[in-house]
Amino acid sequence: MTEYFKKMFNAIKSILTGMGITIKYGVNPKTEVTQQYPEVKREPPDRFRGKLFVDINICTGCTACARICPVDAITLKTVRDENKKLRPVVFDIDNARCIYCGLCVEACPVEHCLYFEKKYEFSAYTKDELISHFGLGELKPQEGRVEEKKLEPKKEEVK
Amino acid sequence: MVNVDERFMEVSMGPQHPSTHGVLRLLVRTDGEVLTAARPYIGYLHRALEKIAERVTYPQFTPFTDRLDYLASMNCNLAYAMTVEKLLNIEIPRRAQIIRVIMAELNRISSHLIAFGSFSSDMGAFTPFLFGIREREFINDLFEMTCGSRLTYNYIRIGGVSKDLPEGFIDKAKEFLDYFPGKLKEYNELLSYNAIFIKRLANIAVITPEDALDYGVTGPNLRASGIKWDLRREEPYLIYNELDFDIPIGRGEMGTIGDAWDRYMMRIYEMEQSTKIVKQCLDMLAPGDYTAKVPKVLKPPAGEVYVRAENPRGELGFYLISDGSTKPYRLKIRAPSFANLSILPKLAKGVMIADLIAIIGSLDIILPEIDR
Amino acid sequence: MTELINEIITRLANAAPIIRLLVVIAIIIVSSVIVLAVALLYEGLATYAERKVAGDIQARIGPNRVGPYGLLQFVADGVKLLLKEDIIPFYADKWLFIIAPYIVFTASFAAFVPLSYSEHIYIANLNVGVLYILAISSVVSMAILMGAWGSNNKWSLFGGMRAVAQIVSYEIPTVLSLLAAIIIPASLNMRDIIAYQSGGLGIFRWLIFNNPFTFFAFFIYFIASIAEVNRTPFDIPEAESEIVAGYHTEYTGMRFAFFFMAEYGDMFVVSALATTLFLGGWQIPFIGNIVMPVWLKDILEVAVFFGKVFLLIYIMMWIRWTLPRLRVDQLMELCWKYLTPFAFFNLIGASVWVLLLHGKGVYDIITGLFVH
């Protein structure tokens, strides 16, 4: 008999304690942690892995990034220009395939050539819009991976 | 006419659950309210990770281990890195080891917060889930500050970690660790000792120690059955042998030892222990290298190795056969949730449908691990 | 309102019968539309309030985009539900399937009739108001079963049967605890009950303070009525069902909206009944005998009535977002082993009190001691 009343009493006590906690949140507007998104945007930290960006003018065309990418998101096609230096004519990053792992950024030997921007809002209506074309040369319509034909070297200004 | 057994109702709790732990299909046979059999069907999330491992190089596979158990990403990275390092026989600098422990334990806290939250929302109490998410945001901020990502970190690499801790990490982490134990107390008052919650979970789905060992159940589920087995104590890796922390085991406080409440409570206790560990590690940090010198082209010697680590969900094991080239010959992943799920048909005999949800939630499975 | 209608009818005593019939029909339509409009507006705002209260408790903001402070969210939801495709399962029992939501809504809405919102504002002065409300609310359980059966879905039937079992069982503590309060004013007329609670500074003659038995009866009634309206922690028909299926799983669009709105309407009715019987209805506390124009007093009384009802509804929402769900057999155990015996002994105690003290309450006794 006492078990019955003890169980009931414990139950009521635990329920009331729980309700006490939620009402503290319920009546105090300071407990709200929501950030109203489009009006308030949080600033990503420095190391944030957002959209990839290539400063194509200092890229040496070593293809280290394309080789280390685990999902083959980078397409790179290089030719030698008149100074015998490798220049990337096709440098496409498929933002839809990219898993934002950062291996390419670490593999790139040139400082500040391939890096992450702090962008995270880049939705598009078609899949083609999600491919970033950074290459220097004449851009063909996107065919996927590396094409077989060699492109002629073009005369480009080296900054 | 199909020969249908009319006494039982066979229903498929299909791949899409509202209270989901992934895409799991359960074929459930019920006799009115009481279950007679429950069979899981998996494979909806199979991505052939082990096959992918045979065509990418060792460093390239690290982002794929993130996606094995995306809630405990650091721990999965860690297990893989330790596997390859054992084959390569390299030694990790001390600072890298301490950073690895910090990250692994913080990730344990955040994984258990999700387990706690989704379990409580299965039970019908929807608020603790959001409280758990709020706490998790602090941990995510810490991780984002360090490696740039909030879910799949790709931070713990072969040889050490990819980047050093940024400025302000230690202060922010200490701030979080001071704030968190108060929240744990709040969760206990709100949910763990709530009479209705206890009534739902006590004496449900008891895993006896013998069953747990037979089926290969590991992690908090095993410890809840009373067996004191934690890889961080039994086969210490990194610097766990220098740290002071307890291994909580189930004591049957609210029912039998090894019932669903014990398994749930294990996670709360483990979160407390993890905060203790991280506090000690933050004090032990000293300047040093954050990674060992690892050759750019990794060619481990031919051989095979099996390394296991204590994930939040159990023991994650990597069995690696290398043939001396840059790509693994065979990588087999022993996922903890796979073994934990195998005990479900045995536990589900004779319970009610509402209890089946409690059982799945208390086992804390996650499908990407099971399906790989 | 009754006087207005009586006046119109007496004025028409000389008109032709056809005109009288048309006027009566017009009166019925107009008054139904007014009550329906108020009820629907309340139900829409109740969904908005529920989401806001849920947001507050869960440390987040509820809807705040549609309209100022998100007030038009229920309009957006209504438009969305209206535009959804109306699916009727092929093998469903068409008649039952279609009629069930209408009956549920009608029953819940018809229970608004005997409520009186102030001294002069009421829809109908039924002599058996309390009995009428209890009877009409029981139609809901039948209609739920109709909907569940008509869906031709095993899980819906399950949910429906559980709902019926729950509602029917919990009517017993409801009625027993209401009886403990009704025997004091000895009338089932809602207006008489409120009139009995007048005086005493507007607060001390409330039936809840009348004797300790009615005090407990209020809490038993409140808990049982939460089960009557299928709210957490007793919401197995509607939400556990979210894990499996549910009696309203095959309903789409507006049909589902009817079930949903009927639940909020039921909440209002049940809270209004509690307010009327236990909390003094529209009696304004601490107002004494201040002279004020009739229209001002009416407005104040309506405000007080709605204030009390909304306070009880807020408590129901608060409980929903705090507590986990009970399993079916635990729910039945709560009803039959805890609430019903308590309500029964409560009723006996209240009857003995009324018998010995001739219906005088604690307040009357205390003032009786001072008055001579």
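Order of writing sets the labels: A, B and C. Residues in every chain begin at 1.
The definition used in the following text is that contacts are C-beta pairs under 8 Å (C-beta built on N, C-alpha and C of every residue); 3 or more make two chains touch, one makes a residue touch a chain.
Everything quoted here is computed from the prediction, not taken from an experiment.
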Clusters that remain linked by touching, subunit A excluded: one piece
A-C or A-B - the one linked by more C-beta pairs in contact: A-B
Chain located farthest away, centre of subunit A as origin (C-alpha): C
Chain with minimal offset from the mean of all protein Cα atoms: B
Gap in Å, rounded to a whole number, between the CA centres of subunit C and subunit B: 46
Distance from subunit B to subunit A - Cα centre to Cα centre, in angstrom: 25
Centre-of-Cα separation between subunit C and subunit A, whole angstrom: 53
Residues of subunit A touching at least two other chains: 15, 18, 21-22, 25, 33
Multi-partner residues of subunit B (each touching 2 or more other chains): 127, 134, 190-191, 194, 196
In subunit C, residues with contacts to at least two other chains: 57-60, 321-323
Residues of subunit A that touch subunit C when the two form their complex: 8, 15, 18-19, 21-23, 25-27, 29, 31-34, 36
Subunit A partner contacts - residues on subunit C that touch it in the complex: 53, 55-61, 64, 318-319, 321-323, 338
In the complex, subunit A residues that touch subunit B: 7, 10-12, 14-15, 17-18, 21-22, 25, 33, 44-49, 68-70, 99-103, 106, 116
Residues of subunit B that touch subunit C when the two form their complex: 9, 11, 13, 17-19, 33, 120, 122-127, 130-131, 134, 190-191, 194, 196-197, 199-200, 352-355, 357
Subunit B partner contacts - residues on subunit C that touch it in the complex: 54, 57-60, 154-155, 232-233, 235-236, 239-240, 242-244, 321-330
